[in-house]
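Chain lettering (A, B, C and D) follows the sequence in which the chains are written, and residue indices restart at 1 in each chain.
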Amino acid sequence: MAINVTIWNEYRHEKLKQDVHELYPDGIHAFIKSFIESDDVKVTLAALDDPDNGLPDDVLNNTDVLIWWGHMAHAEVPDDLVERIRQRVYAGMGFMPIHSGHHSKPFKAILGTTGNLMWGRNQKAVLWNVAPSHPITEGIPSHFELVEEMYGEPFYIPKPDDLLFTTWYEDGNVFRGGCTFTRGLGKIFYFHPGHETCKSFYNEYVQRIINNGIRWCAPAKLDSSFNGECIHQTSPVVG
Amino acid sequence: MAINVTIWNEYRHEKLKQDVHELYPDGIHAFIKSFIESDDVKVTLAALDDPDNGLPDDVLNNTDVLIWWGHMAHAEVPDDLVERIRQRVYAGMGFMPIHSGHHSKPFKAILGTTGNLMWGRNQKAVLWNVAPSHPITEGIPSHFELVEEMYGEPFYIPKPDDLLFTTWYEDGNVFRGGCTFTRGLGKIFYFHPGHETCKSFYNEYVQRIINNGIRWCAPAKLDSSFNGECIHQTSPVVG
Amino acid sequence: MAINVTIWNEYRHEKLKQDVHELYPDGIHAFIKSFIESDDVKVTLAALDDPDNGLPDDVLNNTDVLIWWGHMAHAEVPDDLVERIRQRVYAGMGFMPIHSGHHSKPFKAILGTTGNLMWGRNQKAVLWNVAPSHPITEGIPSHFELVEEMYGEPFYIPKPDDLLFTTWYEDGNVFRGGCTFTRGLGKIFYFHPGHETCKSFYNEYVQRIINNGIRWCAPAKLDSSFNGECIHQTSPVVG
Amino acid sequence: MAINVTIWNEYRHEKLKQDVHELYPDGIHAFIKSFIESDDVKVTLAALDDPDNGLPDDVLNNTDVLIWWGHMAHAEVPDDLVERIRQRVYAGMGFMPIHSGHHSKPFKAILGTTGNLMWGRNQKAVLWNVAPSHPITEGIPSHFELVEEMYGEPFYIPKPDDLLFTTWYEDGNVFRGGCTFTRGLGKIFYFHPGHETCKSFYNEYVQRIINNGIRWCAPAKLDSSFNGECIHQTSPVVG
């Protein structure tokens, strides 16, 4: 059965800056769609300035994996939308915040973190695959290069379930740049490449990692005994 | 140097129910104080119905470790207080939610969780120490018994940094009843005993665990290079 | 492509004890084969008393996932076979020690542990699924019952990557009875049911869990840059 | 009560190479002793060419924390000594392998790993403190520089309990260079600086980290109920 992926994009930089527009003329979300859409991945596009910020109930509640790209307008995402996303993740929806999504309201609320980190200029970066057996790193070599905005330690995140990538930067920094988490029944994969003025989304390994991530984040098939409730008193399990 | 512990208690059950009043005549917070106060632990008491809910800035900002007991009035804790506590924890304050604190607003916001679980009647419980080398379990035997309200799996918490106790219940349930977490610079220890109609706080091992927990949760001595900021662009580290 | 599973069984109890023989007339390994063999799982049977203890190089080196059942004859497994298994796991082979495999030489050598635990009589056991989103627990309810030999805490294992099942026992014990680990490139899943005088392998959930485990433990598809070597000096990655 | 630390050193490079001899004229072990000995740390020196390889039972069995430096003569460490060390760690002794200790027999046997990694020339290294709240990083800034032999990913270690330091190298590599593990009742801290031709042991932060590590690795005070045995059948815990 196909995975329903919704790609949410702030979609502002692409309209405001010529260099970004040239890289991603239809928006970063449309570009991501171009390399993930397939027989088993159905894609919906959503943007901040769409009605209901692109995520009315009928879209959000039918999303298996939500990819999130935001940067300059984090503050404009309404709190009640954040809460609806949070509850969806805890109920099993996958969540993939990309790049500056580390500072988005959903990331901070879902994980329990400030998302703070160090940052610097665009520069040469080497991504090291430190979990070669993980499904998300399948087919990825021990390391590969990008030119990316520097995101560096200290990165104030909860300890990841799995650390997949550690990134090296020319300026002397390192970054836990690919991390998985579980919250409630939902799986979360944070991946740092994707600055609006960089070409990382054109990189074959970045594309492969995002595709692997979608499959890993897809909701588990749960037995009905997992209902997430905390309201009824339980009867004895054994007589 | 002494650790400043603030014990926050909802302090309602003790006033409303005769059996609770008899167990904890001056409140659960006052009873906890009686077994933690010492030369190196200074205690402040705080209650929901105190001015500023017991946690004005001058108290909260001078707290090293915040112990939290709440149950019937979770909803009355103001959201801005929750946010102030959250920021304090991320900046290094220790946090020890006890018993039904799993469903308190601060627990859910700080960790990123619904805190949902299964629950049942008061009954025989056996707490198994599954991390005997951890500082919080120092001096605690492999197992000990309590009579406690049943809290059981599934418990929808993020994967703990360390699982310290797993509790067995007469009715057939188990519970990850003692867990540590790190969020930002702050350390968190959740411990499940302490129902208002049970005598767990009188138990010597519960007392020892809470005392060990306070020392483990106390803020680390941090170098000034950890400022938690994410607002300035960083200069290159290497030339 | 099919997964090559080798089921290694000590295969002694079944020949020595009438009650075990009746439960598993062709051996525990043959019984496991009956519920895992399928279009995508090819099975080889191996036993301690076979030539080369059932695991000559041409079998071991073509095994994707090794299931291990041993109990009374741990000491008869030759050390050089243990070392060959260890190297295969570190190079990516999956390993599934079942029940008393916690005390087998391969388990202890591969993980780095004594494998010690508490044990007791056969009794009612409730297995709680504490990681409902994990691929190995797919389709498994929040809990189910078995009659099993008691294996209890303290269980002296390294902290698991993921704790999947916690088992409750009638006699007051608990056990981290389903755990995953990674060693080198290999994935390991330990699962406690399967005593020779119990009928756990007939249970539909036990069968499902073992089938899920095989798929989870199967070797990752690795890029050739992961060669596991430590002998050549590396050239600079960046110019 | 004082912590008994034994510093085991291969003690060969210092005798064979003039440049190493000049840096560490009495051996690396004697140099480490000079910055850790104190009122609460008692030090014993041990070397490969000492009788019983420096670790007869009366020394090993009275050691609280064993620091290990070995490189060119790993193969000369007898297997029965490795097994004695392994059992001591599982019974609670702390273990601190330094630098090329990642490839020592005790490291590989205790943890369950090949210890393999990438390595390269001595060069500029920046150590990033990624766990600022951990007792071992107390007083350590967000980052500091060394000149060190390059040790890089992929590093084939089990997932650490805590990742404390990630190291950046001039040549484009990164390394999980400070890691903690628990095995049985023993705590293990691996730390990568300390090549024989580098001056890392003269660095104030390296000295502080080793001193913090000793205190963190010191054996826990255990209740007698933790005896590590697996030989007696257990009586029911509850009636």
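In this text, a contact is a pair of C-beta atoms (placed from the backbone, for glycine too) under 8 Å apart; a residue touches a chain by one contact, two chains touch by 3 or more.
Bear in mind that the values here come from a model prediction, so they are computed numbers and not experimental data.
Novice: Minimal path length between chain B and chain D through chains that touch?
Specialist: So the least number of steps between the two chains is 1.
Novice: Just grab the chain with the largest centre-to-centre distance to chain A, centres being mean Cα coordinates.
Specialist: When every chain centre is compared against chain A, the largest gap points to D.
Novice: CA centre of chain B versus CA centre of chain C: separation in Å?
Specialist: Comparing mean C-alpha positions, chain C is 37 Å from chain B.
Novice: Counting only Cα atoms for the centres, state how far chain C is from chain D in Å.
Specialist: 31
Novice: Could you say which residues in chain B touch two or more other chains, in rising order?
Specialist: 126, 132, 142-143, 152, 154, 159, 161-162, 168, 170, 172-173, 182, 185, 226, 237-238
Novice: Quick one: which bits of chain D touch chain B in the complex? Just the residue numbers, please.
Specialist: Touch residues, chain D against chain B: 92, 124, 126, 132-135, 137-143, 145, 161-162, 168, 170, 182, 185-187, 220-226, 237-238.
Novice: Going by the contact rule at the top, pick out the chain B residues touching chain C in the complex.
Specialist: So the residues of chain B touching chain C come out as 126, 128-130, 132, 142-143, 152-155, 159, 162-163, 166-169, 172-174, 176.
Novice: Quick one: which bits of chain D touch chain C in the complex? Just the residue numbers, please.
Specialist: Touching chain C: residues 90, 103, 109-121, 150, 152, 154, 156, 158-159, 161, 170-173, 181-185, 226, 228-230, 233-238 of chain D.
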